[in-house]
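We just call them A, B, C and D in the order they show up, numbering each chain from 1.
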Amino acid sequence: MLNVTVWNENRHEKRNPKVSEIYPNGIHGTIAGFLAEAGFQAGTATLDEPEHGLTDEVLNRTDVLVWWGHLAHGDVKDEIVEKVKRRVLNGMGLIVLHSGHFSKIFKSLMGTSCDLKWREADDRERLWVAAPGHPIAEGIGEYIELEKEEMYGEHFDIPAPDELVFISWFEGGEVFRSGCTYSRGNGKIFYFRPGHETYPTYHNKEIQRVIVNAVKWAQPANRAYPVYGNAKPLEPISAK
Amino acid sequence: MLNVTVWNENRHEKRNPKVSEIYPNGIHGTIAGFLAEAGFQAGTATLDEPEHGLTDEVLNRTDVLVWWGHLAHGDVKDEIVEKVKRRVLNGMGLIVLHSGHFSKIFKSLMGTSCDLKWREADDRERLWVAAPGHPIAEGIGEYIELEKEEMYGEHFDIPAPDELVFISWFEGGEVFRSGCTYSRGNGKIFYFRPGHETYPTYHNKEIQRVIVNAVKWAQPANRAYPVYGNAKPLEPISAK
Amino acid sequence: MLNVTVWNENRHEKRNPKVSEIYPNGIHGTIAGFLAEAGFQAGTATLDEPEHGLTDEVLNRTDVLVWWGHLAHGDVKDEIVEKVKRRVLNGMGLIVLHSGHFSKIFKSLMGTSCDLKWREADDRERLWVAAPGHPIAEGIGEYIELEKEEMYGEHFDIPAPDELVFISWFEGGEVFRSGCTYSRGNGKIFYFRPGHETYPTYHNKEIQRVIVNAVKWAQPANRAYPVYGNAKPLEPISAK
Amino acid sequence: MLNVTVWNENRHEKRNPKVSEIYPNGIHGTIAGFLAEAGFQAGTATLDEPEHGLTDEVLNRTDVLVWWGHLAHGDVKDEIVEKVKRRVLNGMGLIVLHSGHFSKIFKSLMGTSCDLKWREADDRERLWVAAPGHPIAEGIGEYIELEKEEMYGEHFDIPAPDELVFISWFEGGEVFRSGCTYSRGNGKIFYFRPGHETYPTYHNKEIQRVIVNAVKWAQPANRAYPVYGNAKPLEPISAK
């Protein structure tokens, strides 16, 4: 059974009653809940736990890590980020949600600023499927419509995704690459845009389906880590 | 259970005793055999059957089609090629093997000449894994070594693959993009280089593992085919 | 000096006074005009000329071919399409405009249906730059706004572009991959969405700039065509 | 005229007479020399200069930066790396050579370990052109042959390149993705494998041609940097 850890900074939930009303168990609780229903072994970890809940033991048993952060990116310790990155390069899947675009772990894996345009103005959002055969789009219609969401607009300063699964339309006139896959080392990464804390986005069944699909897609391939460093020749070398 | 059809022109097997000795049930029989062992519902179809064995009924129930051809690409009827192409665009997976690079179906889906360098000279081949986290490389070591194979060399006139999984080294001095994924319409395509008819390549366990992995990877996503054509607006248009 | 040929079916111009009013010299005339101003050697060719104006002599001297078609894709002779394709694979650049998505040449080079959603309803269009460092976006602001255009919407059934330069927002609620680069054989291809015949889109200075940039980008690299076929070994082979 | 700065750690040249014999003016001097001959404004910068020779003034006027490092990656100051990265994201081109794969700047822009296999054993290397229409391959034959070079072998832990221009064959049995393009922010990056300090690789005319081509390709597009951050709607929002 696939082992998923849902990480959340869990700060908005403590400060803003609007958020805790929508997510009484925290964003992490809601996400871990529907992942468990989908048949995964789903745990949670949050910023204020020791080692942000991401001990070696937790990281080593995690097949796919889901990441939500916003206010407190700067409070995430560099050594924990370094450990998470090493695990991703070793094969752990990583699903980065919404404002996680500015997390240390995502910026470090992308190598770019990950900056974007944004607006909190109740834009209607429509996420169009651009890769209809992709397993992450399984079970999804032509688009997912969200009545109100925060707007994220291009230019989104990311490397060109390996596969572009969703493109968002926003009522206020912008577009956004909303579902992006990457391979880094042995690990697979999926960035998924929606999920501003003041909207009930993670209660949406289609959004849940995308995240469930993404977890399956991001699971590690069962292989030894590549051997690097000095290598003996496999064939005779004529100059010797 | 995934439904796989293994198509083979089945001509070398009838003409060349060396080939029928290596593949007494035909290349298609050997491939269907190890696919069935891997748990797929595996059937075969060959050039000389009516409609080349690819009736509407067969194509409609096929989730993934495996294609081996060489001598007789020109004998494959254009209307069958057109049907196979439509099924791929509708979601059927396609695994094109070795000399299938010059098949009508592959050339038509690629849009290029699919030409390459080649040599039958017992080159040693070593297929290096270039995408260690890819599900098609699961269970495979750093490389697959084939003692003797036909050489295929760059430039290989294909579109840049969506993902490059294997790169071959040849003893005679060439390299080749040997494992290439593509998405076309709703369908996923994998081109896999090895498998010249006079070598026992499809009896190699690692080669079999790659083909098994590729079948799983290429299975259709469960979604409705996109709606094309004239579309009513989803939002009010100001000029009206 | 770069040699550009602008091909147009030139049918709407003859039938619809609205079109001939906007483009008194034809769409091809307008495009060739601003390309000449930009310093290219720009000629035109149209469907009703012998060999559609694309004689061997014309094709051989053309560095970059621009293609506009809509009503009469079916009237373009297959042997001419085949010649154009061969020239593209040999290095000639190809810029496919708007309804050219359904041309024989584009579909043949893409290998997919190239289908899409469409609507003639005076949608406002905004083409956002998704690849800010790409030479095709040089001199362009954050987006190009077109007051009224035909809508093209996802899913657009194309292979994932090598580079996605523009994404369109449409007032009626859709998005579209509007500026897509491809490499096929030795040739470079750019698909650019805007340009419905009843709007003055090709008089827009930013649209003109994109097409000028694309012509420069698509120019052939000065190299011999690769050698394909049987190849002698470059190194000794041990089995011999 | 394009402004190129060639950066070199310049350590092997001071320690190893074999290296200073091959490159009496340093690797940077040789590279700047042939770039100047090709018509660029070419300067140099080295590790032991103040700010490693990469003052704000130098960086701001540099269109394309060439980077060679090996022994002393750890001695490059983080704040200089950060400045170089910012310039790349703002549009400056970056050509990373050979052992620069392990430089702080390359690893930071890639987000992966950039690790690989290596061997100093006088392997023959053959760099095959995998993208025959790419401007970086202009004027190059089917392959570049280097009589003796250090071997770099897969797996090379990099993100899948945007475009794969060269693949190397090594006598000892390995392959390597040797010419890789990337886009990061507004900047273009080219990694080019050959150039071990004890071989006269940068005196090779074809290797020089590739670097000259890469500098042209990597030049900044002339555009304003994108605007990020809070954005007013461009269209009315219904919920307001």
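Convention: a residue touches a chain if its C-beta (ideal position, glycine included) is under 8 Å from a C-beta of that chain, and two chains touch if they have at least 3 such contacts.
Keep in mind the model is a prediction, meaning the values are calculated, not measured.
Colleague: Call it same or different for subunit A and subunit D: same when shared residue numbers make up over half of all numbers used at their interface.
Modeller: same
Colleague: Tell me which of A-B and B-C has more C-beta pairs in contact.
Modeller: Result of the comparison of A-B and B-C: B-C.
Colleague: Roughly how far is subunit A from subunit C, centre to centre by C-alpha average, rounded to an integer in Å?
Modeller: 36
Colleague: Find the geometric centre of each of subunit B and subunit C from their Cα atoms only, then give the gap between the two centres in Å, rounded to an integer.
Modeller: It comes to 31 Å between the two C-alpha centres.
Colleague: Provide the list of subunit D residues touching at least two other chains, using ranges where the numbers run on.
Modeller: 124, 126, 129, 131-132, 142, 153, 155, 160, 162-163, 171, 173-174, 183, 185, 226-227, 234-235 - these are the residues of subunit D that touch more than one other chain.
Colleague: Please give the residue numbers of subunit B that touch subunit A in the complex, ascending.
Modeller: Its residues touching subunit A are 91, 124, 126, 129, 131-135, 137-142, 162-163, 171, 183, 185-188, 220-227, 234-235.
Colleague: Would you tell me which residues of subunit B are touching subunit C in their complex?
Modeller: Touch list, subunit B to subunit C: 89, 108-113, 115-119, 121-124, 148, 151, 153, 155, 157, 159-160, 162, 171-174, 182-185, 226-235, 237-240.
Colleague: So in the complex, the part of subunit A that touches subunit C is made up of which residues?
Modeller: Contact set of subunit A toward subunit C: 126, 128-132, 142, 153-156, 160, 163-164, 167-170, 173-175, 177.
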